[in-house]
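First chain A sits with chain B, and in the next complex the same chain sits with chain C.
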Partner chain A sequence: MNNYTKQAPKPVGQTSIFTIRKRSFALVFAFVATLFALSSAVANFSTAKGLESIPKAIIWMAANFVPDEKAISRLPNILSKLAETALLAVAVTVCSALCAFFFSLLGTKTTKINPWISRAVRAFASFFRNVPNIVWAILLMFSFGQNILTGFFALFFASFGMLVRMFIETIDEVSSSCVEALHATGATFLQTVFQGIIPSSLPNIISWVLYMVEYNIRDSALIGLLTATGIGNLFDLYYKRLDYASASLVVICIAVMVISIEIASNKIRKVIM
Partner chain B sequence: MPILEFQNVSKVYNGVTKALSNVSFSVDEGDFVSIIGPSGSGKSTILRCINRLVDATQGEIYFDGHDINKAGKQELREVRKKIGMIFQHYNLVDRLSVIENVLHGRLGHKSTIAGVIGAYTEQEKETAFSILAMLGLTEQAYKRCDELSGGQKQRVGIARSLMQEPRLILCDEPIASLDPSASKVIMDHLSEINKALKITCIANLHQVDVAMKYAKRIIGLTSGQIVYDGPAQDLSRSKIYEIYQSNEGELITDIRYSYE
Partner chain C sequence: MGELAIALHSIDLSEQSKYMKKTRKGKIRTAAKTKSAAALKLTVIALLLLTAIGFLSFDYKKVNAAQAAFSTVQNARVLFAQPRLSYNTVAGIARALFVTFSLGALSTIFGAILGFFGALMCARNISNPTLSNIVRSFVAFIRAVPTILWVLILTVAAGLGSVAAVVGLTFHSAAYLVKAYSESIEEIDSAAIEALKASGASYWQIIFQAVVPSSISYMLAWTFLRFEINFTNAIAVGAAAGAGGIGYDLFMAGSFYFSLRELGFITYVVAAAVIALEALSTKVKAKVG
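And then the complex of A and B:
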């Protein structure tokens, strides 16, 4: 008798897994379609009209948003504001990464500090992470007003919350085994951090920080709209003056910078990993 | 004079998983003890209770005059300094060089700050190189650990534990991830360390034949309880079946008998 060539018996009165899968596909599809129809109705959105307006929008943008000579003459000013915004984003990310690293050491299970402290740190970070940076900016406007500090702290809080979580996951994943061995040799907490956690998780940590820099440069432009600082403010200014050509040059500059930063950080990642 | 003594030790994880119940045994200085048993029987838990990587729930553990379960932070450091540990997955800092990993064995002996900045004495470096030479790793000393083979990584693990100048070495399935020839090299080194340096060894093994060849004494564990404790040569086949709770012909070691 050979157990391996026998067909698996088909259970009587049960549908095959393939039928079940097909049915759930159909169900999900129907559900999404209904949801779309319902929400379009509620929002008064007509798909046909929406699609119809796309060509018109493109023509209008082409006519108004192409940077002209006047816009080009503003380039130095735009670039200096852009640099200011980017540097702010980098500074915020580095500060929040340093704080986040310290807190993640308390939050990870790897260091075995104390389960209650770990839980408290993770809850604390989760709170900061789950309030979006725009909301932080609006809240902080009350205390700092339209000020560069508002943007700084808004980005700081949100990235802090995010980075604590990423660092904890990284440390638990790549450092826990070597840290266990160092604990077994009698190493102290700081020794395990500097001889175990930092060497093993630094490349991953840098990679997360680079990601956060990219993200924060994009968002700091946005928050600048709100706090009337940096490149966001410049965009707002041109836009309200109906100087669409200059406004679009700002957008193009932001896009070019974000893309080049992304390319650069991908290169750095490849080298350090 | 026993160097290690377990008295009615029990361990319950998270208040539900019973890993050890009433385990008592003692180990004499210079012994080579092997713990065998099916996965989940509590072998790793026994080793981890000795250096307090996990805390025993009940019972007493004495090592070299220390009451392990009552040890405070400073005493625990003293205890851990004297106990080396070798892991199935080597647990090295892969991105650091071999020599740096070996020197990590000194961390327990150093001030926090010296360990943090990695300031090792010339004496310590010389010792590290001579240990590497003994284990045949001289040429690998400056390589990063992630460039090494499994067998080489495990020898780095052994070197790190020897750097501690330990009284006891705990080996948690040291050869479970290695091929047969690398396994033999590792077991021969451990045996040599035990005989020449008079360091007590406790090794969890899941190859019964390896345990019987290298260990003087075998402890058989089933569901957290000791079901055999005695000389390796007295372990009968029926006892092996009892430890692994299986019948004749169901164990991989039985294959050899079917060829005879």
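And then the complex of A and C:
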């Protein structure tokens, strides 16, 4: 009898890893299937219609959603709105990053200012992060009207909340050891910030800022739709006029813009990190 | 004795000039001049410059910013301090919240399925380079277009309602998850794949016995993160594309009824839901990861 062909005896009282894997897979599958069925019922969604709509959408897009000559003649207007949106995204991100950096200094464990202040700052940031930016946009619309400042502040509040969280995590991760060393030498708070925290965490912070610029350009389309400003409003205008050729050019311009910013940020990230 | 001290001193000086660089003012340089430091400086300057150009070029339409800011603060106080429902019922809001949750769940499930197969084609270690590059560029384009625009485009093709919302949200989720999953797959140890290949395992055996088990925890973490994003996106889509759910109620309260108190109540419900989801996904991630 060849020993190698014999199966290894099963250990008593211990299920094999394959059985556990199969069981957990079945459990997850059942959970997802239930969630799917319930969600379809609640949202009144039919999978058949959804699947049907994709080829229909592709055919429709190929026929109507292509820039024509009239759309090309609108390119200067689209590009100027796009430039405005991009500058807005950068301005919002830089301003919110400056505020967020200040607040994250109060919020990190690294600077050890006061546990209660730290907790308060985290809750404050969480508030701005979790109130949806469309609420900020609607609230600001009441007073600022259809103005670029409406978009600016709506994006600002949401970015601020996100960046405080990112910066606190970054500072705690990257700077804590050098801050400890500076504390040991008796450095003051400002010295710790300027000689320790900023130099060590700046590459990561810039990386987050670049990510946030990209994010804000995409989000400004949504805010623009709601507040009738910027590139989102331009898309909405063409879309409601059923001028899909021009609307498609807006979409293509946004995509090109976001992709070029993504490529540029990835290059910058590779050099600075 | 004195000579020795002088000799030591001169050695010290020559050593110093070798290892210590001084600035023009004669201070000791504490940071090395490197390419990355220069790039960092340049990036910061460029960002600040663009911000300045932005502020100078914006068309403010002569808005009275101080007055508007003051009334915004007053409005915010009404919004957050006196939340009250008058146009909707609590049951209606709860139902709308479930609809939004369902839209988020459906688009996450579809996105995860499509994202998984997309990632298999996109991950460089298990796919061929041409296919990988094609999928990569396709996905980058889909991700670059804002979710709301996908939903609006699909609304024309599929009609107003949950179908356009789910398919539109799925587009973006799938593209996002292809990138996230393929990065998780690229990070796995190549030894497991090679061992299975050497033993003559088929493609799907390699996928389900090596690739999935070693990257599943990262994939789940990304899926939960995407679910949170989809939930917030479903709110936005409801508001801007009329796709229903709590986002639509939010939009109606603010832009149709002009009721700050109503808006405040719904905002608190939404914020509580988002925080609960975040806590839940952190818990699940901790258990899985």
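By our rule, the second predicted complex is superposed on the first by the 252 of 273 C-alpha atoms of A that agree within 3 Å, B and C clash if a C-alpha of one lies under 4 Å from a C-alpha of the other, contacts with A are read in each partner's own complex, and residues count from 1 in each chain.
Keep in mind that, in the parts below, contacts are C-beta pairs under 8 Å (C-beta built on N, C-alpha and C of every residue); 3 or more make two chains touch, one makes a residue touch a chain.
Because the structure is predicted, anything quoted here is derived from the model rather than measured.
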Partner chain in contact with A:S16 - chain B first, chain C second, else both or neither: neither
Which of chain B and chain C A:Q191 touches, first, second, both or neither: first
First (chain B), second (chain C), both or neither touched by A:N114: neither
Contacts of A:S177 with chain B and chain C, given as first, second, both or neither: first
First, second, both or neither for A:E262, with chain B first and chain C second: second
Which partner, chain B or chain C, touches more chain A residues: C
Contacts of A:P199 with chain B and chain C, given as first, second, both or neither: both
Partner chain(s) touched by A:T34 [first = chain B, second = chain C, both, neither]: neither
On chain A, the residue positions that both chain B and chain C contact, one per complex: 199, 202-203
Chain C to chain A touching residues, read off their complex: 31, 35-36, 39-40, 43-44, 47-48, 50-51, 53-55, 57-61, 63, 65, 67-69, 71-72, 75-76, 79, 98-99, 101-103, 105-106, 109-110, 140-141, 143-149, 152-154, 156-158, 161-164, 166-167, 213, 232, 235-236, 239-240, 244-245, 247, 250-251, 254-255, 258, 260, 263, 267, 270-271, 274-275
Touching residues on chain A, where the partner in the complex is chain B: 177-178, 180-188, 190-191, 193-196, 199-200, 202-203
Residues of chain B touching chain A in the complex: 51, 53, 76-81, 83-85, 87, 89, 91-96, 104-105, 107-110, 112, 115-118, 157, 160-161, 164
Chain A to chain C touching residues, read off their complex: 21, 32, 35-36, 38-40, 42-46, 49-50, 53-54, 56-57, 60-61, 65, 84, 87-88, 90-91, 93-95, 126-127, 130-135, 138-145, 147-149, 153, 199, 202-203, 206, 209-210, 218-219, 221-222, 225-226, 232, 235, 239, 244, 251, 254-259, 262, 268, 271-273
